[in-house]
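The two complexes that follow have chain A in common; it is paired with chain B in the first and with chain C in the second.
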Partner chain A sequence: MKKKPAPLRRSMFMRLGFNFYDVAVTIFCVAFGLLCFYPLWYCLVASVMPYEEYVKGGLMLWFKGIDLQYYIQIFSTKVYTNSLLVSAVKTVLATALSVLVTSAMAYAVSKVHIRGMKLINALVVFNLFFAGGLIPQYMLYKSLHLTGNFWVMVLPGTLNISYFIIMRNYFSFSVSRELEDAAMIDGCNEVGIFFRIVMPLSRGMIAAVTLFIAVINWNDYYNYMMFIGNKTKLQPFAWVLHRMLTDKSLMNQVRNGAASLGFTLPPPMALRMATIICATLPIVIIYPFIQPYFTKGMTLGAVKE
Partner chain B sequence: MHNPPDASGVRSQRTWLQKLLAFLKRYWFLYLLVLPGFVFMIVFNYGPMYGIQLAFKDYHANLGIWGSPWVGLEHFREMIADANFWRAAKNTLIINGYNIVFKTTFTIFLALMLNELRLKKVKSCVQTAAYLPYFLSWVIFAGLVQVFLEYPSSSGSSGGVINQVITFFGGEPINFLTRPDLFRAIVVISNIIKNAGYGTIVYLASMSTINPALYEAAKMDGSNRLQMMLHITIPAILPTIVILLILDLSSLFSANFDQIYNLYNNYVLSTGDVLSTYIYRISLGGGTSFELSTAINLVLQVLGLIVVLITNKFVSKLDIMGIF
Partner chain C sequence: MKKYTTLLCLLLALVMVMACFTGCAKQPAQSDPAGTTEPAQTTDTAPEDSSTAEPAETRETVNIRFAQFGNNLDDLDGYANDPIKAAIEQAVGVTLEYDTGTDGFDDRMQTELFTGSAPDLFPTWGESDKIASWVQDGLVTNLGEIINAEPDRYPTLYKMMNSEEWKAYNKLYTGDETASYAIYSVAAFADPSFGGVPVYNQAILDEVNEGKVPATVDEFLTYCEAAGSAGYVGWWPRNDKLTNWNEIDATLALPQGTSITVPRGAGTGTILSGEAGTDSEYWTVSAVSEQSKAVVKQLAELYKNGGLDANIGVKGDFDDAYADFGNGTLGAVNFGFGYPGQFRDFFKSAWLAVHPDASIDDLAVGQALTSNGSYGKTYSTGTWINSHYFIPTSCAYPDRVLDLVEFLASNQGQDLLHNCVDGAFNTSVGSDYWSAIDGAYGYGDGRCKYVWFSYMFSGVEYYCDFENQSWWDAVSHPVDFSNSWATEEDAALVSKAKDTISGFVNEVVQPLPAYYNMVALPAEATDIINKLATITNEYLTQFIGGQLDIDASWSDYAAAYEAAGAAELETMINDAVATARTTYGG
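After this line comes the complex of A and B, so read on.
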C-alpha cells in the first residue's frame, strides 16, 4: 500500500520527460531570475513597511501592512517634486527631438546608392569611437552659453549614434526596394514614399526606439553633473537619487523635513529605498511595451540578413 | 582642370548642370532629412574636437583656447610621470578584462541554460526578470548595492541583507563598500546581474536558427541533451560568440564611467579608480588640470580607435556586417 504512489509519480515525471538535468537547469534559471528581481522587490516591500516592522530587519519577502510615510516625506521636499518635473520635461523634449532627427537621418543614409550618403554614414559612425572628451566638450558648451543652461541636458545627445545604426539597418533591410520602385512607377515621389510607405511600415520600430531612448533620457544625469553642476533648480531625478546615496546634506534636509511634519526621524536607508522605487517606477511601467522589441532591435543591429 | 572653349565642352557642361538639377529635383527631400542630424553632428560631435589642441597647450582662460601658448608634449610627459595615471590605467585594463571574461562566460552559460529550459512559462518569467535590470541606471543599481551591502551602523541599523545573513550564521559583518580588495568583485558581479540577462538575447536568437532536424538526428543516434548541447548548440553559436567577444575586446579601453563613478568612493581608489573617473576628478570634479585631462583622454581615444579598427577588420573577414 505504501509503495503505490511512488511509481505513479515517476511515471508522471516521465510523461513530462523530466529528469535530473531538467531540474538542475530549471533551478539555475529561476535562481538567476530571482537574483535580478529580488533587490527591487526588497526595496519595494521595505519602503512601505511600517516602522516597527522595518527596524526588525529581515528578508522582506512579503508586505506586513502598508505605510506610505517615506513617500509622503520625500514628496513634501521641494527638491523632489522639482526634480521630477525637470526629468519629465527633459525626457519628453530630448526624446522627441532625438527620435525625429535620428530616424530622418537614418532613413536617408540607408539609401547608400545616393551620392554622399556613404560619407555621412562614415562621419556619424566614426563618432562612436572618437570624440573630443570631457574638457573640449565643456569648452564648447561654455562658448555656446550652454553651461548652466537647461538645454545642455537636451541638445548634445540629439543624434543617438547607436540607434542611428540600428534604424539605418532596419530601413535598408526591412523596407523593400520593390515596394518603393512600384510606388515610384505609380507617380509617387521621395516625399510620398517617406510619408505614405516607409513611415506607416516602420511605426512599430519607431515606437520601440522612442521608448528605448526615453529610458536613456530618464536615467541620464551626466550632462547635469558635468555642465550645470550646482543649480539645484535644474537637477534631474537621477541626480537627486545619486545625492541621496552619497550626500549627507540632502539626506538631513529630508529627515528634518519629515521631523517637522510630525513623523519620527526616518531611517536613511528607508528613504533611499523609497527614492530608488520612484526612479524605477516609470521604467517598470513602460517595460512591457518595449519587451516585444528586444529580439528584433538587438538582432537587427548585429546580424546580416 | 580647364574648360575647353569649343561647343562640345559647353554642351557637356550644360548636361552636367542639368544632371545635377535633375538629381536634386528627385532627391532633395533625402538631403533635407539628413540636414538637421548633420548640423547636430557637426556642432556637438565634431565641435569638441577643436578643443583637443588643449592637450598641447598651456591654457589661460583670458587668452582662450586658440590664443593660449603651445607647450608641445609637456602634458604627455606629465602624464607618464604621474603615478595616479598608471594606477588608473592598470585598474581600467584589469576591470574591463574581468568584465569581458566573466560576463561573456556567464552570459553564454545563461543563454545555454535558458535554451535548455523546457517549461515555457518559467522561461518567459525568468527572461522578463533578467532583462529588466539592463534598463535601470547605474545610479539605481549603486543604490541597490548600497542597500544590500550596508554595514551595520552604531545608530542601531542592522545593516544590509548580506550582512544580516552573515551575522545570522554567526559571522562578523563585512564592510564591503570600503574594502579595496573586494571592489573589483562587486563591480564584476553587479555588472553580470545588470547586463548578462539582456546579453543572452543575441545568443538565444542565434540558437533559434539551428535546424531542429539536427537534434532529431542526434536523438535517433541516442545522444542525451547534454551531448546535444555540447556537440550541436555550442558549435552552432560559435561564430556569434567570436564576434561578440571581438566587439567586447574593443571596449578594453572604454570609459565605464557610469558604473565606476556610482560604485566607488575614496576608500577604494587604489583598486577602483579608472581612467574615466580620473580624467573627471582632475578636471571638472574638483581639480584644475584641464590640459592633462585632455591629454589622457586623447591617448585613451587613440588606443581605443586602434583596437576598434583592428577588430572591425576581423569582423568583416568573418563575413558578418561590420559597423562601417
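After this line comes the complex of A and C, so read on.
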C-alpha cells in the first residue's frame, strides 16, 4: 500500500500569497532604495539641523530641531538668487528647444522613404561617435559670437543625438502610418501631422525625454565654464553648487554675509548641504508631475500585436 | 546602394580630416584679444610705433584683459566701483577687465591661447615643458626684447630681468638666459613657518596632562594615550582621505630621524646625509627603514588606545575633524602647514564658531617635538616657484601691458595692492599719491589686500620692494603688512602663533641652497612616486588600523617599495640634485 504523501507545509508568507523570491526581491529593492535615498536625506537633515546638534555627530536619521538659517543665508546671497534664475531660464529654453528640434528632426528622418534622409541620419549619428574636439568647438562658437554669451548654454545642445535616435526609432515603429495617411486625406500637411497627430500620440515618450533633457540642462555647467567663464551674471546654479563644494571664496562670501546678518559664522558643511538641497529640489518637485507620462513612455511599445 | 555607402564613407573621412586641420590651424599673430568679451577700446597705434618718449598720460586708453586663478567676480557692485582698479587704470592709462576661474580655468586659458583669444596677461603654473612648447609655437611674447629695447620706460622690469637669478629661470625654461617670456612669480614666506605642530584644546590638556604642552615625542605619546583613556580622541593628524602623510611625518617621524611619507624629492620623504650644497649631500628614501617601522608601531599603538583618531583617512579635515575639535571631543589637531595666519583661521572657524565667548587661551599652539634632544629637520629653500604671467602674441599692444606690469612692480603699485587698511589706503606707509579709498574690492572675502595681481610677483601675496632691492632679495624676503591692519583679536591670534613658532623654528627649518628650486626630476619619477603613494596608503593604513601585523608584513612593504622602483627614485633624486648643483650652484 502506497503511503499517502505528507501535505506540503506552507509558511505564513506563502499562505498570504508571498513566496521567498518576492520577499528577497522586496528586501533587496527596499535596501537599495534606502541606500540611494539616505545621502539625500542626510543632506536635508544636516541642512536644517542646529549646529550644536550637528557637531555631536553620529548617525543622522531624523531632525533634531529645525533651523533654517543656512537657507536664509544662501538666499540672502545675490549670486544664488541670480544663478537660480539663470538656471531656470536656461533649462526651460534649452529643454523646449531641444525637445522641439530633436523630435522634429527625428520625425523627418524616420521617413526613410524620403530621399536623403538616410544620409542625414548617418551624418547625425556620425557625430555621436566622433567630435572635432575642444579647440575647433571653441573656434566655431567664437565665429558664431557665442562665446561669452548666454546662448552658448542653450543652442549647442539643441539637437540631442542620443534622444534623436530613440525618438527616430519610436516614430518609425510605434506611430501608426495609417493614422498619418488618414490625417493627410483629411487635409493635414506634414507639419500639422507632426504637431496634431504624432506629438499627442507620443506624449509619454516626449515627457520622459523632456525630463531627462531638463535634468541634463539643470546640472550642466561645462559650457559656462569653458565658453563664458567670467560673467558672474550668467553663472548657472550647478556651477554655484560646484563652487560651494570646491571653491573657498564663494563659501567665505556666504559665511561673511551671514555674519553681517547677525548669524554666528556658519559651518561650511551645513551650507554645502543646504546648497545641495537647493540644487536638487526643483527637479525633485517636477518629477512627480511627469512621472505618470514617464512610466507610460517607458512601457509604450513594449507589447507588439 | 554600395556606391552611396562608399560616397558617405569618403565624405565622413573628409569631415574628419577637415576637423583635424581646423583644430591644428595656427592663429594669426595679431588677432583681436578681446573678441570673446566686451569690445576692447583698441588703439590704432601698432607696438612698433610706440614712442619711448611718449608720456603715459598722452597714450591712448586701451583695454587690458587680465586673468588670475582662484578669484571671483561675484560682487558686481564691488567690481564696478572698485577704487583700486580705478586708481591703476588712471595711473597707467588703461581700462582693466578681470577674468578668473577655478575648475577648468587652465583648460580655458590654454584653449583661448591656442585660438588667439587669450587674455592680454594671464598666468600658468611654472611647468617648464609647457612654457617651452608655447615659446616654440610662437604663442607667447618675448618680454625681454621689448623691455631691453626701452629701459627708460620699464626701469623696474629692466632691473629685474637683467639680474642673474632671473636669467637662471630663463635658462631653465627656454635654454636661453636672455629670453624672458614670462613675469616669474616666486613664493616665499614673510614669517617663519613650520608644519606638523598641533593645536591643543587647553581644557583637555589641563585634565589629562596637567596643562602642559608636550615638548618631546615621548611626552606627546603619553598625552595622546591619556586623552584616549579619558574618553577623548587624542590627536587628529590631518590626513584627509589619505592625502597627507607629511603632517604625521613632521610631528612624529622627523624628530626621530626618519620619514614615513611618500618620497617625492629632496626633503620630502627623504633624509639628508652629508652637507647640503656640497658634493657630500645625499638623500635617502627612508619610508621602509627600521626607524620608520618603529614610528608606525607607535601610531598603531596610539590608534588602538584612542590616542589617534580612528577615522584617519576617512574623515574630512575641515568638516568632521574640526567639528569634533569644536565639540570638545578631540584633544589635538594639526591645523595646517605652519603659516601663523592659519592658526587665526583655525581658531575662528573651528572654535569660535561653536563657542562665541571663546578666549584665545582656550587653545594652545604646540611645540615642535624633540627626540633624544634633537628636533626633526624640515628642509626648505625658503622659496618656491609659483605661477608665471604671460602676454600672448595675439595681444595687440604688449608694450601697454608691460606699462601696467611696470607700474605694479613699482613701490607705488605695490603700496596700492598691499596696503589697503579697512578700505582706506594706508597713508602711513608714506605714499601721498593716492587719495582715500573707501572700499577695497575683495575685502569681504576675508582679505584686506587687493585680490587682483596679488600673485603676480610674490606667490604668497606679499609686498615686494623691487625699487630698493634686487629681484631675488625682494621676492625671497617679502613683507607682510597684514597684521598692521588686522583687528586686535586677529592680530593677537597671529602673534600667538608667531611667538610660539619663533621659539623653535630656527632649530627645525634647515635652509637649502637656491639651486634646489631648479631640481627637475625625470618624467619616469612621477610614475614611481604615484606607485609608492598607493603602496604607502595601502600598507600604512592597515598597519596603523591593525589589519596587518607590522612585524610580520613589514618585509612585504619593503619588497613592494623596491619592486615599485624606490631605489631608482632615490638615484633619480640624487642625480637631479647633482645636476642642479652643477648647473646653477655657482
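Rule of thumb we're sticking to: the second predicted complex is superposed on the first by the 247 of 305 C-alpha atoms of A that agree within 3 Å, B and C clash if a C-alpha of one lies under 4 Å from a C-alpha of the other, contacts with A are read in each partner's own complex, and residues count from 1 in each chain.
In this section, a contact is a pair of C-beta atoms (placed from the backbone, for glycine too) under 8 Å apart; a residue touches a chain by one contact, two chains touch by 3 or more.
Not measured: the values here are computed from a predicted model.
Asker: Following superposition onto chain A, is the placement of chain B relative to chain C best described as a clash or a fit?
Answerer: Once both complexes are aligned on chain A, chain B and chain C clash.
Asker: Hey, is it chain B or chain C that touches more of chain A?
Answerer: Greater contact footprint in residues on chain A: B.
Asker: Quick one: is A:Ala238 in contact with chain B, with chain C, with both, or with neither? Answer first, second, both or neither.
Answerer: Touch status of A:Ala238: first partner only.
Asker: Looking at the overlay, what does A:Met105 touch: chain B (first), chain C (second), both, or neither?
Answerer: A:Met105 contacts chain B only, not chain C.
Asker: For A:Ile283, decide between first (touching chain B), second (touching chain C), both and neither.
Answerer: So A:Ile283 only meets chain B here.
Asker: Considering only touches as defined above, state whether A:Leu119 meets chain B (first), chain C (second), both or neither.
Answerer: A:Leu119 contacts chain C only, not chain B.
Asker: Looking at the overlay, what does A:Asn230 touch: chain B (first), chain C (second), both, or neither?
Answerer: In the superposition, A:Asn230 touches chain C alone.
Asker: Considering only touches as defined above, state whether A:Thr147 meets chain B (first), chain C (second), both or neither.
Answerer: Only chain C is touched by A:Thr147; chain B is not.
Asker: After superposition on the shared chain, which partner residues are touched by A:Met269: those of chain B (first), chain C (second), both, or neither?
Answerer: both
Asker: Once the structures are superposed on A, label A:Tyr138 by its partner contacts, choosing first (chain B), second (chain C), both or neither.
Answerer: A:Tyr138 sits against chain B and chain C alike.
Asker: So in the superposed three-chain picture, is A:Phe32 touching just chain B, just chain C, both, or none of them (first/second/both/neither)?
Answerer: Only chain B; A:Phe32 stays clear of chain C.
Asker: Is there a shared patch on chain A that both chain B and chain C touch, and which residues make it up?
Answerer: Common interface on chain A, chain B vs chain C: 55, 57, 122-123, 130, 132-136, 138-139, 222, 226, 242, 246, 267, 269.
Asker: If you look only at chain B, which of its residues touch chain A in the complex?
Answerer: 23, 26-31, 33-34, 36-38, 40-41, 43-52, 54, 65, 110, 113-114, 116-119, 122-123, 125-133, 135-137, 139-140, 142-144, 146-148, 150, 156-159, 161, 164, 193, 196-198, 201-202, 204-206, 224-226, 243, 257-258, 262, 265, 279-280, 283-284, 290-291, 293-294, 297-298, 301, 304-305, 308, 319-321, 323-324
Asker: Spell out the part of chain A that touches chain C in their complex, as residue ranges.
Answerer: 51-52, 54-57, 78-79, 119, 122-123, 126, 130, 132-136, 138-139, 142, 147-148, 222, 225-226, 229-233, 242-243, 246-247, 249-250, 252-253, 256-257, 264-269
Asker: Show me the residue ranges of chain A that touch chain B in the complex, using the header's touch definition.
Answerer: 17, 21-22, 25-26, 28-30, 32-37, 39-40, 42-43, 46, 55, 57-59, 100-102, 104-105, 107-109, 111, 114-117, 120-125, 127-140, 144, 155-156, 158-159, 164-165, 169, 189-191, 194, 215, 219-222, 226, 238, 241-242, 244-246, 267, 269, 272-273, 275-276, 279-280, 283-284, 287, 290-291, 294-295, 298-299, 302-304
Asker: Spell out the residues on chain C that touch chain A in their complex, using ranges where they run on.
Answerer: For this pair, the touching residues of chain C are 4, 8, 12, 15-16, 19, 22-23, 25, 35-37, 70-76, 98-105, 107-108, 111-112, 114-115, 117, 316, 318-320, 323-324, 326-327, 348-349, 352-354, 356, 444-446.
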